[in-house]
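Structure first, commentary second.
Chain IDs A, B, C and D follow the sequence of writing; residue 1 opens each chain.
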Amino acid sequence: MSEKSIKIGVVGGTGYTGVELLRLLVTHPNAKLTAITSRSEAGMPVADMFPNLRGWTDLKFVEPSAAALDKCDLVFFATPNGIAMKDTPALVKAGVRVIDIAADFRFKDVKLWESWYKMTHASPEIVEEAVYGLPEVNRAKIANARVVANPGCYPTSVQLGFLPLIEAGAVDTEHLIADAKSGVSGAGRKAEVHTLLAEASDNFKAYGVPGHRHLPEITQGLTQMAGKPVKLIFTPHLTPMIRGIHATLYARLTKEVDLQALYEKRYADETFVDVMPAGAHPDTRSVRGVNLCRIAVHRPHRESCTDMVVILSVIDNLVKGAAGQAVQNMNIMFGLPEATGLNQVALLP
Amino acid sequence: MSEKSIKIGVVGGTGYTGVELLRLLVTHPNAKLTAITSRSEAGMPVADMFPNLRGWTDLKFVEPSAAALDKCDLVFFATPNGIAMKDTPALVKAGVRVIDIAADFRFKDVKLWESWYKMTHASPEIVEEAVYGLPEVNRAKIANARVVANPGCYPTSVQLGFLPLIEAGAVDTEHLIADAKSGVSGAGRKAEVHTLLAEASDNFKAYGVPGHRHLPEITQGLTQMAGKPVKLIFTPHLTPMIRGIHATLYARLTKEVDLQALYEKRYADETFVDVMPAGAHPDTRSVRGVNLCRIAVHRPHRESCTDMVVILSVIDNLVKGAAGQAVQNMNIMFGLPEATGLNQVALLP
Amino acid sequence: MSEKSIKIGVVGGTGYTGVELLRLLVTHPNAKLTAITSRSEAGMPVADMFPNLRGWTDLKFVEPSAAALDKCDLVFFATPNGIAMKDTPALVKAGVRVIDIAADFRFKDVKLWESWYKMTHASPEIVEEAVYGLPEVNRAKIANARVVANPGCYPTSVQLGFLPLIEAGAVDTEHLIADAKSGVSGAGRKAEVHTLLAEASDNFKAYGVPGHRHLPEITQGLTQMAGKPVKLIFTPHLTPMIRGIHATLYARLTKEVDLQALYEKRYADETFVDVMPAGAHPDTRSVRGVNLCRIAVHRPHRESCTDMVVILSVIDNLVKGAAGQAVQNMNIMFGLPEATGLNQVALLP
Amino acid sequence: MSEKSIKIGVVGGTGYTGVELLRLLVTHPNAKLTAITSRSEAGMPVADMFPNLRGWTDLKFVEPSAAALDKCDLVFFATPNGIAMKDTPALVKAGVRVIDIAADFRFKDVKLWESWYKMTHASPEIVEEAVYGLPEVNRAKIANARVVANPGCYPTSVQLGFLPLIEAGAVDTEHLIADAKSGVSGAGRKAEVHTLLAEASDNFKAYGVPGHRHLPEITQGLTQMAGKPVKLIFTPHLTPMIRGIHATLYARLTKEVDLQALYEKRYADETFVDVMPAGAHPDTRSVRGVNLCRIAVHRPHRESCTDMVVILSVIDNLVKGAAGQAVQNMNIMFGLPEATGLNQVALLP
């Protein structure tokens, strides 16, 4: 794979997932950005909207129709939900591979998807072939996929946190709990009142307790791991920071296992999952800006509550939870070393 | 009770609990502040340390020995742990009533206290008579108490959140979970690296998962409510905001109850507990600066997880979680209307 | 003036100025809130939008036409610019007094106003009689005013900061500089991208350097104080906090004066201006939630730069910079002690 | 220069400057980290203190005496002030080049330094030969220097902002004003009360108005540029964010110049200074994590204030204001392309 040889189009580059994807692609040695589309901002230099990209790209946003996406090797969708499902069939037909960072191809059950996303799905046949892009589970399939459904941010942190326990059959899968906290960038770059600094700063709240779209996505993944239906309580919270997800996971052990060894072994070959030493408390800033999930395993108050395990799992929602994982998937799909272009050090403080 | 007639001494007024107590007392119609002690800051006007008090008090910090605390009607300890236990016996003997906002008298089990607080207790006899100052549980005893142990911040939010469920015998008390998030002021006004803005801002982390001093305090309270030992997993987290605690509580129902009605009925007469409408998500800022616990009750994903209940409980850690509850206890002890001096509106935004 | 006797209507209570006004009015002993209007939210209980008001008011937003505002003693406009100018004439005719917290009546020069606010003014005759509501300058006129133009937030902090120097004729009024920093609530409760937490947090920027609407308002006030035209450079900045304005003011002295004495004397009788001791650095949080301007006067590096003075002036933009000053004006207009209902202590930390 | 061939020692790697330097050096293609010293933390793996470095370095902190610094090609001092001045003479004698990120060698006037830093200088002879490491001014001297005094954070932003104006002789250098705002990491990773999140968050304040150590450093630099003594008012402020400095600079023009052209021309060949388009307002986050100074030039209210210019200059205080500039200096000293290892994209949002 020679330098700058993968021709890449990005559909919808004006949101946080988009700018983060561009941040990673402009320094990726094999990525050749050819077009970034935006209906609303066509004509504007990308660097005018995102000044961190000044000097890194001269591209302007273009109308989708003018982007010649069918000449790309790979198209990323960094769009709202419901766009990729319309455009992907023609791209696939043209031989273009697709990574959708939105949710269009994440659920295998189209009816379930339609009930949560309040749309009729435009391409159920793509759903069928799409590969859920969690490399730690589906690496081989991703390598050959024409269409990859990039996982959601909460689902990435929760699934990677529960994975070893569930694969080992070590917990009661009827009473899993995921208490998750997200930075505000998870809500996207949309003008809304509840994510204004004056609303969301110096404040903490749960939201979507009765139901959140990421619940069925997580449940689908855990069910696949368990080989049987699982039941999960998922409580998302909004925390006053820009980036980061901290998932605190609770499960009841059904048999004795060496938890630390279990996790270390399962993730021994994974570049982008870091199992912390026993007793650690990973903080979200330790993964700020990098494609990494840090996990710590706890068995608290063992004397009094003999059967509970607590897992702490942190990611940067925009990187391992979105754009970084998308680049990781791209690397896998194009036969590159998986860490290509993902060698940043987290920004701390 | 005439105006400004309760003579009050405050021991240790240089921390956040101290300044918050002063904020409430300087506008309290019945409180006559007579002395504020600080060994380290003796001689400094209180308003020089806390400019929000400029114009509200001319008091200076004085040495404890110069404070004539034995002439007070009531002494608040807003000190580090281990001070009140030394000074309280003499005050009680002098007829002074005491509210300790620190932890010295919170545990009935002195041995347990000593193991968590790493000190030998100086006055076990006071422990025996001290009343745990959670008015919603112990109002009558508080009224007559000579010594009140003001509850911790986490314990207030968690106990008020679980109270109706446990009193009703409606949940499995062997597997309670309290996932709690606190603003940084909960760590106090101590110079420490991990609570610097550059460390704690734009970051989220759990801490003390293997064990936290508030766990046995909560367990003691829940056990008393349940009439039998309870088991609790308690996971505290640090969230990048100044004030506020959000406790997300999980329990398995053991019988069907009308949760909303249960909570509304239990707290119908409580001025400082607000049960939100069904489906609500209280935010911590809605209680910023006020003596109030807001609670919402959820039964999420009922179709899939039939037996789990989620309780959201928020307080301002410095008010209902510390100084405000202390003033509430003072009002009860001195026969005042319970809301005297506590009629602020939360500061929002 | 008996209890709860001033019948008050609030037009446009859904923004930050509105909720802050309500926070102050619900505990004001003489204010009887009779109507709060909102076209968009008619029918919604005010406390559903602003949970800090739960328990403090049962009012619902109503259509303006249903509000019977002409039966009020006083109507506050907490609306966007351009509303009060339309509704005020009829109210004045009906004998209702008006305080506009927006900008409609602040400029005496209607043409200038129209050029900055991009609207044709609907009631120039009201402009003529309206009194600029800066009590420290116009108290007597405010007492008798039918219409008060409540000052802007930046203009309050900058004018109070420069006032003593300019009245004393002590500075070069051709080269005044106001470098001002505001919290994000100053931008209002509007859904906009640039004030999202993910945009404005952990960030600092200037804006409006080429020109800002508050510049001519400040210049008008300073010109009146000076008795001659003044020239001012005004640089507003957005700082990542909710509330607060910090104005750093620079001027060249044209004669020697005892600066500290000058300021202390000028504001000796002002309840809501606090001149700090020499050498002090007021922080914005020291006035969080209260109707107060804190000022410190500096003469730095006197040996090297003999003629420069630096003034630090802080307010809470929503209180002394908006709703609190409006209540102060109401108190003056209705003959109440000026501090009625404004006796809060700043929330610190 | 082959890969990893510069043997590097870091003295004092436990502060923010230290960790930032390590972040940059671990991915620098020519830097071979051989030792990181810390008296207090000797034996601790660096990655245990700074989890963002987990997986990037196995180094442990060592005692200075065990570090074999005299075998290095280059030693960075990321220490408190007063260390480098003691250790540098021996290193220089051993043929080791030195970059001091602290202040020991910044002032040419040793007496002045001693009066501001309250220490007797241990090596005035090093002061004499040390080169002030602002590459945009002193590039050639830096290339040959044995000892480089890395500039302070405020001084970098202020000097780069004023430089073209002063070199062009276009402004009154008797009345320069620098109103500067810094994130809290500028205060370092020291346990202090005033930089706690609960103190510094949601707050804004000036500090050091009567005098700040960076004032004489800036004045020395501007004086050198001007060829005559300059007078400057310097007002630093603390703003509630982690990283970033925003300097707002004011000067009176003494002749007409095309400001935009002046700046663009002066910095045309500078990789790490970005002159923004006319009318722009650079935000600090646009340089978060990168070695870049962004500058915008304004001539506001030209009609009313004919002679004032306003310069906006932003940097990341830990990068272009400290560790990044140090690496830039290293690159120059060792004949590397100046941007080696400094090709990050700013993290936004």
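Assume a contact is a pair of C-beta atoms (placed from the backbone, for glycine too) under 8 Å apart; a residue touches a chain by one contact, two chains touch by 3 or more.
Keep in mind that what you see is a predicted model, and the values were worked out from it rather than measured.
Farthest from chain D in terms of Cα centroid separation is B.
Between the chain pairs B-C and A-B, more C-beta pairs are in contact across A-B.
Centroids of chain B and chain D (each the mean of its C-alpha atoms) stand 45 Å apart.
Between the Cα centres of chain B and chain C there is a gap of 36 Å. Put simply, the C-alpha centre of chain A and that of chain B have 39 angstrom between them. Multi-chain contact residues, meaning those touching two or more other chains, occur in chain C at positions 16, 183, 185, 189, 198-199, 201-202, 240-243, 282-283, 285, 288, 349.
Against chain D, the residues of chain A that register as touching in their complex are 16, 19, 23, 26-27, 50-56, 185, 189, 201-202, 242-243, 274, 282-283, 285-290, 294, 343-349. Within the complex formed with chain C, the residues of chain A that make contact are 16, 183-185, 187, 189-193, 195-202, 240-242. In the complex of the two chains, the chain D residues touching chain C come out as 174-175, 177, 179, 181, 183, 198-199, 201-207, 209-211, 215, 219, 231-235, 237, 239-244, 246, 248, 250, 252, 279, 281-285, 288, 298, 300-301, 304-305, 308, 310, 312, 314, 349.
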